[in-house]
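Please read through the structure below; I'll follow up with questions.
Going in written order, the chains are labelled A, B, C, D and E, and every chain counts its residues from 1.
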Amino acid sequence: MTTNEAAATQAPDILLNVNGIEVIYNHVILVLKGVSLCVPQGRIVALLGANGAGKTTTLRAVSNLLKAERGDVTKGSIDYRGERIDKLTPADLVKRGVVQVMEGRHCFAHLTIEENLLTGAYTRSLSRGELNAELEKVYRYFPRLKQRRGSQAGYTSGGEQQMTAIGRALMANPAMILLDEPSMGLAPQIVEEIFEIVRDLNVRERVSFLLAEQNTNIALRYADYGYILENGRVMMDGRASELAENEDVKEFYLGVSSGERKSFRDTKFYRRRKRWLA
Amino acid sequence: AEQFIPLLAYRTGSFAPLGIPWADGKMDYLKLVNERDGGINGVKIVYEECETAYATDKGVECYERLKAKHGGASGFDTQSTGITFALTDKAIVDGISIETVGYGLSQSADGSVFKWNFPLLGTYWTAADVMIQDIAKKLGGEDKLKGKKIALVYHDSPYGKEPIVLLQSRAKANGFELLLYPVTAPGVEQKSTWLQIRQSRPDFLLLWSAGIMTPTAVREAQAVGYPRDKMYGIWWASSETDLNDLGQVAKGYNGITIHNSADHGRVHEDLKKYVYAKGQGSDTQGKYVGSIAHTRGMMISMLQVEAIRTAQEKFGKGKHMTPEQVQWGFENLNITQERLEELGFAKLMRPVKTSCSNHMGDDWARIIQWDGAKFNIVSDWYQSNKDFVQPLVKELGAKYAAEKKLEVRNCAG
Amino acid sequence: MAFFLETLFGGLMTGMLYSLVALGFVLIFKASGVFNFAQGAMVLIAALSMARFSEWIPGWLGIDNMILGNILAFAASAVFMWLIAVAVERWVLRHLVNQEGTTLLMATIGISYFLDGMGQIIFGSSVYSINVGMPKDPAFILDGVFEGGLLISLEDLTAAVIAALLVATLAFFFQYTGVGRALRAVADDHQAAQSIGIPLNRIWVVVWTVAGLVALVAGIIWGSKFGVQFTLATAALRALPVVILGGLTSVPGAIIGGLIIGVGEKLSEVYLGPFVGGGIEIWFAYMLALVFLLFRPQGLFGEKIIDRV
Amino acid sequence: MFYRENGQFKSTYRADQQIFPIRQDRVFILGLLAVAVVAVPLLATPYFLQAILTPFLILSLAAIGLNILVGYCGQISIGSGAFMAVGAYAAWNFGVRMPATPLVVQILLGGVFATLVGVVFGVPSLRIRGLYLAVTTLAAQFFVDWAFLRIPYFTNYSSSGNVSVPALSAFGLPVQTPAQRYLFVLAFVVVFALLAKNLVRGAIGRQWMAIRDMDVAASVIGIRPVYAKLTAFAVSSFIIGVAGALWAYVHLGSWEPLAFDLNRSLQLLFIVIIGGLGSIVGSFFGAAFMVLLPVLLTNVPHFFGLSLAVDTASHIEHMVFGALIVFFLIVEPHGLARLWSIGKEKLRIWPFPH
Amino acid sequence: MSQSMHQRRMGEVILDLRNISLSFGGVKALTDISFDIREHEIRAIIGPNGAGKSSMLNVINGVYTPQKGEILLDGIRFSKMNSRRAAEMGIARTFQNLALFKGMSVLDNIMTGRNLRMKSGILAQALRLGSAEREEIAHREFVENIIDFLEIQAHRKTPVGRLPYGLQKRVDLGRALAMEPRILLLDEPMAGMNIEEKQDMSRFILDVNDEYGTTIVLIEHDMGVVMDISDRVVVLDYGRKIGDGAPDDVRQSPEVIRAYLGAGGAAPAPAEPGLAK
């Protein structure tokens, strides 16, 4: 496995190791066709790829949320800190410090924003004071949430919900966060902020990240290492900086060709791309 | 040869407490006949039970499944007014007798219209009429009924509604006021009914209930302070199982019984000797033998068996009887006192004789009363007053025949 | 006047009994988003187990102290309800995480069939009685004011007090504890709840056990009033309008709804019934709920149904 | 291997819009129909025809009706028994009061009345949603139960409240033997299944599904919730009403409101959910499950020569039945129809695993 | 060439929003907002999260009822819109949180967009009379064109719930297009897409705008897209309007920079990937 070797030489302390997993939904739809990747301790690893490539599925496989989607890991294995985690419940994983922020927010619609955040700390037994401190920390990251703390999450705007979902995961004090499309639907400066938060947590609290992102540009800016998924397979992987320099990546994921950004207005006349073979 | 008797039963559902001993009784008597007499003149009885849960569609399914088995069913005791209605039509087509002892369509006593129905020993009109007679007797004569208030608290279904026409004609003739209180099935919630009763304070109260509705009614009567000894329960509401748990609370509660099924006879001893002693009894818990419902079950089977026996006398002893032949047997029953002695039912019931035009036979009934622990017989025999019953039988029978475009048999010929 | 008051009072008492059953529905719905059709079956099986254990245990242990026997029977029944909760979680709910409401509803219908059958196989299907010493005879108050006094059923009164206590405790639990919050989270989104580490398995066992205990209390009260028999399971039907009137997610709603339905149904039956032939209380209760819902589609105290795009 | 659509290209939209676009399916369905019309009446025992197939068909029909409301339009109803009752009693009243009305017309008129009542009880759905609506549909159930019990006009003043139909005949042909009854019902079911299928795959069907899936978005597209919901209630109650009339006329012959009580409504709802919400074939699967399983379960012990007491058998039947419902939901929450289509999908790629 | 197109694009005002205010309990989602939309233009609405952008669209097509203000559509004055009326008058939209009909296939989803134009009655449909059949086929052809246009042929019969997010967004657009709208409201059509997909989406939007002259109202957080394809931009901030004008003007506005773009965000990000860490 070149993938794992590459990562291994770079950082011997591997936190999460996904080994050749195959995922089938509903017993018939084969989605992941042997995906391997690893996340070294204290790193940010980005998972890139087009719609439907299987990013979300990979994250669900790791956090064991596949069952609820009627998906199954039929081949391969997943280790976290050297322990097989395929059979653990999602709750066990959270206890071990692995938390997923799901794509599409999934806030608890009938709970207020603050209650949403508080449920995030369910697995930790904190005193009232500690809880408040944690809350304050999240509110510092997302001041908008503090303003809306009393509103039912179901009524808040898309972006506010996204912030709530991320804040809620932070409340669990995780060692590793699986972050699915954090930038979706957020205003540009918030996107920057979120990635700053990611970096902040990574540097200061040594939280590791596995990050599925469509916004390749920003993801590669903050990540240490990247994997590119296409059609359920890893097509390319490498250090973020190397990927960013790769011509194909530039053309297909960064929208830059021959060193120049194309205007979206011009794409109209821009003939369709060549695809990597699936 | 063998003779097939299908047994419809409801051992589950809301009415199971009544259905279980009833079904046990029916089956026990057949076992007894096989064990003691080796069948009917040597013809072994085969039987098969089918669970209806008191649901009409299940009953129909049971009927369809069993009607043609072992050379044809000898007759169906449906144990449900609803199933009886549904099967009455089918029986005409299939030519199978429907035996409804003490229930069913009251007008089916008219054999000229209802060739295949046998509401033997009495109908709900019998019961209602006898209750009124007993009340009148207590008051000191039918003329004393005038101006009285009599309430009917009934299960809101065809079963509960059956007595209404008769009571109405009685009310008109005797000048009492009839108050009607329907209780929605299954009858656990009767508070408003009894609040109304507390307000209207009827002089007497007839209870057409079944299953859980009976004890609930008695409890509610206690809760509003209605005297139990003014209450009359129909026979399905006057079994020990209905009142055992109530004990003293129900003291004074009157029930009615077809013939004398509260009492015990030699047949019970035979049953113990030939069936239970061999460990073959249906009542595995040993709770029901001798109870009213169980005894009534035996009585029903006895009538069925006697119908077959009667048929054999005409069509050939020791032979299998077709459903058609069994029908003849039912129609020509003549169970005399001596015959009852032989059968061990002498203390339990009175002679019955049926005919082409009279499918009910003689309807004898008695009033029993709960003393806190058991029922005691408190009245003499009554028979329904045919002046009230007969016109209704004719009228409603004719209506039925018209609706169904049935040909009315001429029984005279 | 006296009659009106009696009817009113009777309605209130009946209403409290409904509340007790409604409470079971609300608990499970609130805490897992499942409309538990098996609540009626749970009431039945709980009552059956109480009735039979209180008959069997004194026999097994050779005690004849009724109070002790009842306490032991209650404990045994509580354990039994807990076992059911564990089984339901293990064999049903665990495999249906994240499924739609209708699927879960259907599953609870399956459970209810199963419990109906199992309860009667284990405990029998005749009528049994529970005797926990509830006062049975009527009491008459205000003799001086009304002729003949006002009829009050002490049994109902006792039942109502127990129901009210239970409801108050549970309302507190939901509103003010962390576990309560987690339960509500589960109801909103199974998957998200899992993702932040709420252990659905344990939560469900807890909720179903509590609902089982509520069913047990309801079963004891109803059972001691009417006798324990299959029909008890249908009592749940009378509680449905209460649940929706109060709001599927509101514990206090179950109480208020119960009182409104109880009173509405008795008054309608007594005052309107005679004009149309009687027997109207069941559908009247449902119509009453329906009319209320036309004004507040989420019930009196239910959470608003959130839809925004 | 045999179940492939390889080489079956469609060059017109018309061809693509057939109900069964795959040839094998068409052949299968035609074969099935031939068996149902010719072989079954010849070979099946009267018991099987009368006590199993006929109720199975009628319940399938009712389930198709309910599926339109619940499965396609997303309005859960636990009151469908009421609409069956309306269908049955309305048809019967026409029969009694205007004896000249032909049988088929009576039955259809039953459907028409059920439609009217259905629309009235559908009105609250414009405001009340989800489980709240489901419970309020019980108002229809209990009200209708009550009305047929208490209002003597509806039962033509029958003293017991029980009503029954005389010997049936349609188009001059008798409908009396089990086989005749079966064929009569079959004709209704085939015709209505076809009409229902046409509706659900047409514009109105899309409106219903749109309302079911996302009502705000639907109204933004210009779908009127009022129209969509009420048509769903109307069509659904029409079919259910016809099924009710058939149930009463052909299956029971004589009935009381109890025949259409809450249990019937629940049974229909089970059929629809177990069979598969939003699937016409699912209604048949569900009905088969509901009708056949209990009969099988009662008969199974006999096959093995076991003789269980009927009550134990019936309790065990309840337990097995409940357990099977749960089992199938776990295997496939979207019902037997989905299981069927997954099976077909697998068959299509067989012998390869994916 | 692109200049001439600009000329053609700006027509008369067809939708005019005047002093719209909307609040939910204590939350003021929109405060006294006025702006107009001209025929054939691409009008962008931007602003931070929770600014009230989606609420604005909801007001325009009648999902929300504003407490104050009025809407002029084709010169007709409305104090509130009604969804159906809006649809009849040619307003279509897509949704931020995907409001597709999950249980239906892609084809059926888009077919629902034709709903207002399908006239055959229930009976005709049940019996599949010739007219109903022909109508169905005619609309099917139209929808197939949209499917081709959006390049989702392969997924025609797939239930939309199973499609990946990006494709679902396309179906959402397809459904709106099927209505042949005059005004198309797009709520973050490109959220959760990568560059390539955004390019595709931009292409679709521009094509529609050019070829059918459809007026487009676009909410989007990707400034690259907004600056490149829109003609005029409205900026909202916590319910207030803080900017309105040509993209370049808006980009320079200090208030907009402060509230939304952020100090460095004025320029579209992808131009300078700045991958150096």
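Methods note: a contact is a pair of C-beta atoms (placed from the backbone, for glycine too) under 8 Å apart; a residue touches a chain by one contact, two chains touch by 3 or more.
In UniProt terms the chains read A, E = ABC transporter ATP-binding protein; C, D = Branched-chain amino acid ABC transporter permease.
On a predicted model such as this, the values are computed, not experimentally measured, just so you know.
**Student:** Identify the chains adjacent to both chain B and chain C in the sense defined at the top.
**Tutor:** Chains in contact with chain B as well as chain C: D.
**Student:** Where the contacts of chain A and chain B overlap, which chains show up?
**Tutor:** Output, common partners of chain A and chain B: C, D.
**Student:** Per-chain C-alpha centres versus the global one: which chain is nearest?
**Tutor:** D
**Student:** If you average the CA coordinates per chain, which chain's centre is most distant from that of chain D?
**Tutor:** Looking at centroid distances, A is the chain farthest away.
**Student:** What's the chain with its C-alpha centre farthest out from chain C?
**Tutor:** E
**Student:** Does A-C or A-E have the larger number of C-beta pairs in contact?
**Tutor:** Between the two chain pairs, A-E has more contacting C-beta pairs.
**Student:** What whole-number Å value describes the gap between the mean CA coordinates of chain B and chain D?
**Tutor:** So the centroids are 37 Å from each other.
**Student:** Which integer distance in Å separates the CA centroid of chain D from that of chain E?
**Tutor:** 42
**Student:** Could you grab the centroid distance between chain A and chain D? Build each centroid from C-alpha atoms only and quote it in angstrom.
**Tutor:** 47
**Student:** Could you grab the centroid distance between chain B and chain E? Build each centroid from C-alpha atoms only and quote it in angstrom.
**Tutor:** A distance of 75 Å separates the two centres.
**Student:** Quick check: what residues of chain E touch more than one other chain, meaning two or more?
**Tutor:** Residues 54, 63, 95-97, 99 of chain E each touch two or more of the other chains.
**Student:** Which residues does chain A have that touch at least 2 chains other than itself?
**Tutor:** In chain A, residues 155 touch at least two other chains, as defined above.
**Student:** Can you list the chain C residues in contact with two or more other chains?
**Tutor:** In chain C, 120, 125, 277-279, 282, 308-309 touch at least two other chains.
**Student:** List the residues on chain D that touch chain A in their complex, please.
**Tutor:** 342, 345-346, 354
**Student:** Going by the contact rule set out above, which residues of chain B touch chain D in the complex?
**Tutor:** Result: residues 9, 11-12, 16, 20, 23, 49-51, 53, 55-57, 60-61, 64-65, 68, 81-82, 85-86, 88-90, 93, 105, 156-158, 161-162, 164-165, 182, 184-185, 396, 403-405 of chain B touch chain D.
**Student:** Provide the residue numbers of chain E that touch chain D in the complex, in ascending order.
**Tutor:** Touch residues, chain E against chain D: 61-63, 83-84, 86-88, 92-93, 95, 99-104, 108, 111-116, 118, 120, 122, 125-128, 132-133, 136-137, 140-141, 144, 175, 179.
**Student:** Enumerate the contact residues on chain A facing chain D in the complex.
**Tutor:** Those in contact with chain D are residues 24, 26-28, 30.
**Student:** So in the complex, which bits of chain C are touching chain D?
**Tutor:** 35, 91-92, 95-96, 99-103, 105-107, 109-118, 120-121, 125, 237, 240-241, 243-244, 248, 276-280, 282-283, 286-287, 289-290, 293-294, 297-299, 302, 305, 307-309
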